[in-house]
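One chain, chain A, links the two complexes that follow: it is found with chain B in the first and with chain C in the second.
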Partner chain A sequence: MSNHAHPAPTPLGGPLVTSLTKTMALLIAIAGVILIVRLFFGIGAVTNVNDGYTWGIWVVYDVMVGSAFACGGYSVALLVYIFNKGEYHPLVRSALLGSLFGYTLAGASVIIDLGRYWNTWHIFTPGWANINSVMFEVAACITLYIFVMWLEFSPVFLEKFEKKDLQKKLGKWMFLVIALGALLPSMHQSSLGSMLIVLGTQLNPLWQTLLIPLLYLMTAISVGYGIVIFESTISAIGFKRPFELGILAKLSKVMWWVVLAYLAVRVVDLVVRGAIGEAFKPNVIALMFWIEMAFFILPAVLLANEANRRRPDKLFLSAVGMMTGTFLLRINSYLVGYETGEGWSYFPSLPEIGLTVGIIAIEILGYVVLVRLLPVLPKHEAAAAK
Partner chain B sequence: MTMDRRQFLKGVLAGGAVAATAAPAPAEARGNLTMPPQAMGLLYDGTLCIGCKACVAACKESNGLPPEFSTEDQLWDTPLDISGKTKNVIKMYKDGTGDHKDQEKDGYAFMKHSCLHCVDPSCVSACPVSAMLKDPVTGIVTYDEKDCIGCRYCVLACPFDVPRFEYDKAIPKIVKCELCNHLDSPDNKTRFQYSACAQVCPTGATLFGPTAELMAEAKRRLALKPGTDHLVPRGKLNGADWQMAKAAKYVPQVYGETELGGTQVLKLSAVPFEKLGYRALPERSFASVSETMQHSLYGYLLFPAVVLGGLAVAAKRSMRDEENQE
Partner chain C sequence: MAKVDILSMENLPGVAALEKRLGVSRRDFLKLCSGMAATLGLPASAAAEIAEAVASPAKRPSVIWLHFQECTGCSESLLRSEHPTLDRLILDVISLDYHETLFAAAGHQAEAARKTAMAENKGKYLLVVEGAIPTKENGIYCKVGGQTAIDMVKECAKDAAAVVAIGSCASWGGMPSTGPNPTGASSASAVLGKPVVTIPGCPPNPYNFLSTVVHYLTFGKLPAVDHLGRPLFAYSRLIHENCERRAHFDAGRFALEFGDAGHRQGWCLYKLGCKGPETYANCPVIGFNDLGEVSWPVGCGHPCIGCTEQGIGFEKPIHALAELKSVAPPLGYPKVDEERGVGATIASAAAVAALAGAATAATYNLTKNLGKNMAVEDDQPKREERA
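Then we have the complex of A and B:
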């Protein structure tokens, strides 16, 4: 993954103990306490999940949304290595680092929500594994992808510790690692949507469609670009680095095309199935559907104007729209649009939110520490001056 | 070998086409599963039910479940719904003055809620670790906590909201009716020989037996002229216990005959099922739709393998181009 046509990635350096990292550490400590209570007194002791809404934000946010937000590495790798767009290469490493953290934590955090977590290994063991279960595909595929991603990222460590031989050996097989890194997320990001199909009529027709895997996949890819724009903006401000406008403007055009395609598929599917009528009923479900759609339409409209693609504020807004839309598609399809029977309600409890916040804090802390220590971000004059 | 994008895309498409034609089996739609040969079940006739809840108490006794309180004094076991402590409840419908039994307007009616033992259960399809299984002979949908990871996909998937979870325990499990199949074990020390709810039912409202015969019994009742005196079996089919009943003005439907490909627990009612928490459901099982989708995409991993080949070629080319640039 070395690339000498672009400025080589270098460690950012700088202080590790700052008010940001201290705050993150505190949030992680709070999440740790919540986790201990959960382990000793059960899931119900800290969450509001119930038999009507048995999956709360620990699954729907931490895994469904969390892994989608971790698609930056996947989406950029698709561009660079599958569609041979070398000009996006400087984005690869930091995108991959975000993905590595996002996915590792999504995979680890789901275990917190498993009631009988000590049996987790059953999923991967013949005799237990049920290949008819969409969840089996998701679990196996995400786990494999996490390993693949560590391999994809390993040149960074190997560079740091100067293991040249190993790096060369790995380099020979890197094309296969990268191909797997493009295949596996396509599989499980769509399957996260396929998991809804077995819910049948419990899920509102606005989301219950055989195209839901495609909708999940398309939003995972486009939010991958959104995340890269989001992270680049934040780290430009946070690390006082120059904003990489040229490359992000081009990337936003790719995102624009994907979100346009998504909106086309989404609307045609709703009309063809005759489900669009649900969107005009006077209820919360229809309202949430329109809010979800509005956040996808936001980047579609903003980025249609070419001048906006060169404005950091508009780029950032488009990325946030993309992320919020992706978040809402998942929240709406697993929670808002789902009804298993009358009389159930769910809203996450404070400790439940606290644990999720702690997981996000681990991601931020990990990202900050690693870009300071490892060669991830492309070298800049300003960065060298510290 | 050089390959431009057009060639690459052609290759992927051609590969996909080959995979699609070479593997008709995984792409084939999976239909509904069919009723096992000796499917066992229950027939619940709400018009015979008197709401005594002897079945609720017997279920707790047979399954060793704790009481559940909903009154202030916390004296009586008064579950309002099935839960991690309750596998079977009798629910009540009431409209207006609630004066007349089995009447939609100004009346009331009873409904039993417990696992329906679907012919093609969503929970079994959803469970990633085969903790939910359908017995190939009796069709009873069983659960084994030793296999379970506690993901609760079964809770989410079940269209009848049946599997429940112990949210208040550090070592929790799923709780659902298994038709008292534990009573078949030689070390059964309880007073029950078959599904406890049916065995204790004083009116024959809950009846145990082979599903096919229960269906015939249900159809017989539906064919009766309302008000006709007739004999109904009590406890189980083909037993010695019978009693007199008056045929009700039934809704002309056996709930569970076609719903999602059928269930082994059947229900009769004089008040529309929709009012009693039992929704109209399509005939095609949700499990079959889900599995058809999944196996069309992933049968024998053929499609992913072909795509991986295409991706590997593309990745190799991109990396070489990158080196050439150096």
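Then we have the complex of A and C:
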């Protein structure tokens, strides 16, 4: 990984109390109140989930979308360590930090969403766990990946607190941690899709396909690159750092290929299965399908033009399109396209939305605080540390 | 013993001889052995061992069966077992040398048979005690052949290989020991001053007794027991844990009166005073009279009275609520009418729209000015140099 000379990561420094962090803290406080109500008065007291729609946005957004958005670390690690593209290495730490938050909070959200959260330990206890369940695979795999990611990220803490010996020892085993870090998300990101297969005919044919694990995996990888572009752009603006155009332009090309492949698989699958007719029915489901597809087509079209890949605004727009498309694929397949029978309905309640917003706020606040305190982002001589 | 297909034993000479001796089909006999191994919670290979031990007449142990303060319900229960040929088998599996109810002999002849069996099988016979033993005033309240129950049980236990107390009376005093206990009725272990294997119940399930005896016959030792001497295979679980009405308990569906709507629909009898939650026995698992699950008190619609349990059976009133040893009923129950979900409200739809709008606006604003007045770090020139 050191064939390429990159500026070493350093803490950004700068003020921790700003109007942004204060706003985020307020949103987190509101989410905290909702959480307390949920823990003491039950999940029915704050959410609109019911026996027909047992998974609301706390699972579908916080876990399905949240963990996909947290794939930056995974996607960049694939590129750097599996395809040996060392030039992307400066992106690893910040991508990993976002992933760390995304996954850790996704894991926490699942526990909050469990009706009997005090039984969570059953999942990890041999004899209690149902090892034949795809949910078990997801739960165990994500938990393991969270630990693996903390290990992958640990050099940052060890550097900060100057534990050289420990860092050296850990470094010997880092190849194993990194290998796991590349393997585990491939497993559970596809399993998140596999769970949909279980829903059978309750799920609209537009999403009910045996290829849905592949679709989930491909979008997870491509949105991983999208997220890196997104985070990098926001950091450049927010922390007044130079825009990492060279590296992001190259990254966007990788993303473009993945999203093209995704669109090809998606369309061929719809046509071969004969499900494409569903997309032309005059209903909300078909409309949502087209909106979802439009957001995937956006980066595919924008990035086809090589000049656009060198324009920060077009790069950013492609990243946002990629993220929105991924978001909609998950929302559509788990909620919009899912019909469990006559009379059932679901729409997130205000407290549900509030908690989800709070979780996003934790991610933003945590990212801001940690890049200021820990060596995450590469050092830029020109950048004014303000 | 290696893994044996029990049905392959049909052609063994011992099993064939047994068919002749007992007039029971070989298949039925082997099935019974498998059933007993299952009751004991033993693996399939044990069924073969049991079959071998039972089929070999040389191993038949002598059994001396004493009756004291009791109703003979335990013996009756054993005799009434409807399992094919069980009544005949019990007489052939063991050598029942003394049993006051089943004896053809009477008077001194009977007592002589007991003494002979004790002398002949010294240290090898199995002693079964049925009924409580009165201890007040030197035990004068129960005498057999002029001998008090205390003396008799002590005499018989002295040279016995093992002592089994059958029924609640012999196990812990049972009904005769209920207050004010005028005769000082005591359990076999209290009189003998040592722990014995107990098969409590009023009456106990005959298969629990039979399985204990067959275990002894097969493995030369009695099965594992708890602190009260009860075999773990039968008494380690609360009735509540395996009750077929348990789902009603968990869902909060209780019969409140005999004959009410809930009672007629087979709901949980806890509120009628069922002692299942504090009574250890396997009644719901094996039932009585080989009729399957319905054939036990709760299956028939009567609350368990806790007959196996000292301090509960015959002491707590039948209507009194049981102490919940394992689980308490939940604080809330599922609703009868399912809520089918709240659709979008104005507030929640507005919140989603506001979030989407804010994201769109932010993206638009960011994109509009992005790239202008911005430091850019680019490796493009470097690449060109290389090329």
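Just so we're on the same page, the second predicted complex is superposed on the first by the 377 of 386 C-alpha atoms of A that agree within 3 Å, B and C clash if a C-alpha of one lies under 4 Å from a C-alpha of the other, contacts with A are read in each partner's own complex, and residues count from 1 in each chain.
What we mean here is this: a contact is a pair of C-beta atoms (placed from the backbone, for glycine too) under 8 Å apart; a residue touches a chain by one contact, two chains touch by 3 or more.
Remember, it's a predicted structure, so these values are computed and weren't measured experimentally.
Student: Return fit or clash for chain B versus chain C, each positioned on chain A through the superposition.
Tutor: In the arrangement built by aligning on chain A, the partners chain C and chain B clash.
Student: So, does A:N283 touch the first partner chain B, the second partner chain C, both, or neither?
Tutor: In the superposed model, A:N283 contacts neither chain B nor chain C.
Student: For A:N50, using the defined touch cut-off, is the partner it touches chain B, chain C, both, or neither? Pick first, second, both or neither.
Tutor: both
Student: After superposition on the shared chain, which partner residues are touched by A:S349: those of chain B (first), chain C (second), both, or neither?
Tutor: Second partner only.
Student: Look at the residues of chain A and decide whether chain B or chain C touches more of them.
Tutor: B
Student: With the two complexes superposed on chain A, say which partner A:D313 touches: chain B (first), chain C (second), both, or neither.
Tutor: second
Student: In the overlay, answer first, second, both or neither for which of chain B and chain C A:N305 touches.
Tutor: neither
Student: First (chain B), second (chain C), both or neither: which does A:T23 touch?
Tutor: It touches nothing on chain B or chain C.
Student: Pick from 111-119, 183-191 or 237-245: which stretch of chain C gets in the way of chain B?
Tutor: Clashing stretch: 237-245.
Student: State which residues of chain A lie in both footprints, the one left by chain B and the one left by chain C.
Tutor: Shared contact residues on chain A (touching chain B in one complex, chain C in the other): 49-52.
Student: In the complex formed with chain A, which residues of chain C make contact?
Tutor: Those in contact with chain A are residues 338-345, 347-349, 351-352, 355, 363, 366-368, 370-371, 374-380.
Student: If we count contacts the way the header does, which residues on chain B are in touch with chain A in the complex?
Tutor: On the chain B side, the touching residues are 5, 83, 122, 125-130, 145-153, 155-159, 161, 164-173, 260, 277, 279, 281-282, 286-287, 289-291, 293-295, 297-298, 304, 307-308, 311-312, 314-319, 321-322, 325-326.
Student: Tell me, which parts of chain A touch chain C in their complex?
Tutor: Against chain C, chain A makes touches at 48-53, 87, 233, 236-237, 241-247, 310-313, 316-317, 320, 343-350, 353, 357, 380, 382-383.
Student: Note which residues of chain A are touching chain B in the complex, please.
Tutor: 3-5, 39-45, 47, 49-52, 54-55, 80-84, 86, 89, 113-117, 119-120, 122-123, 127-130, 132-137, 139, 174-176, 178-180, 182-183, 186-187, 190-191, 194-195, 197-202, 210, 213, 338, 340-342
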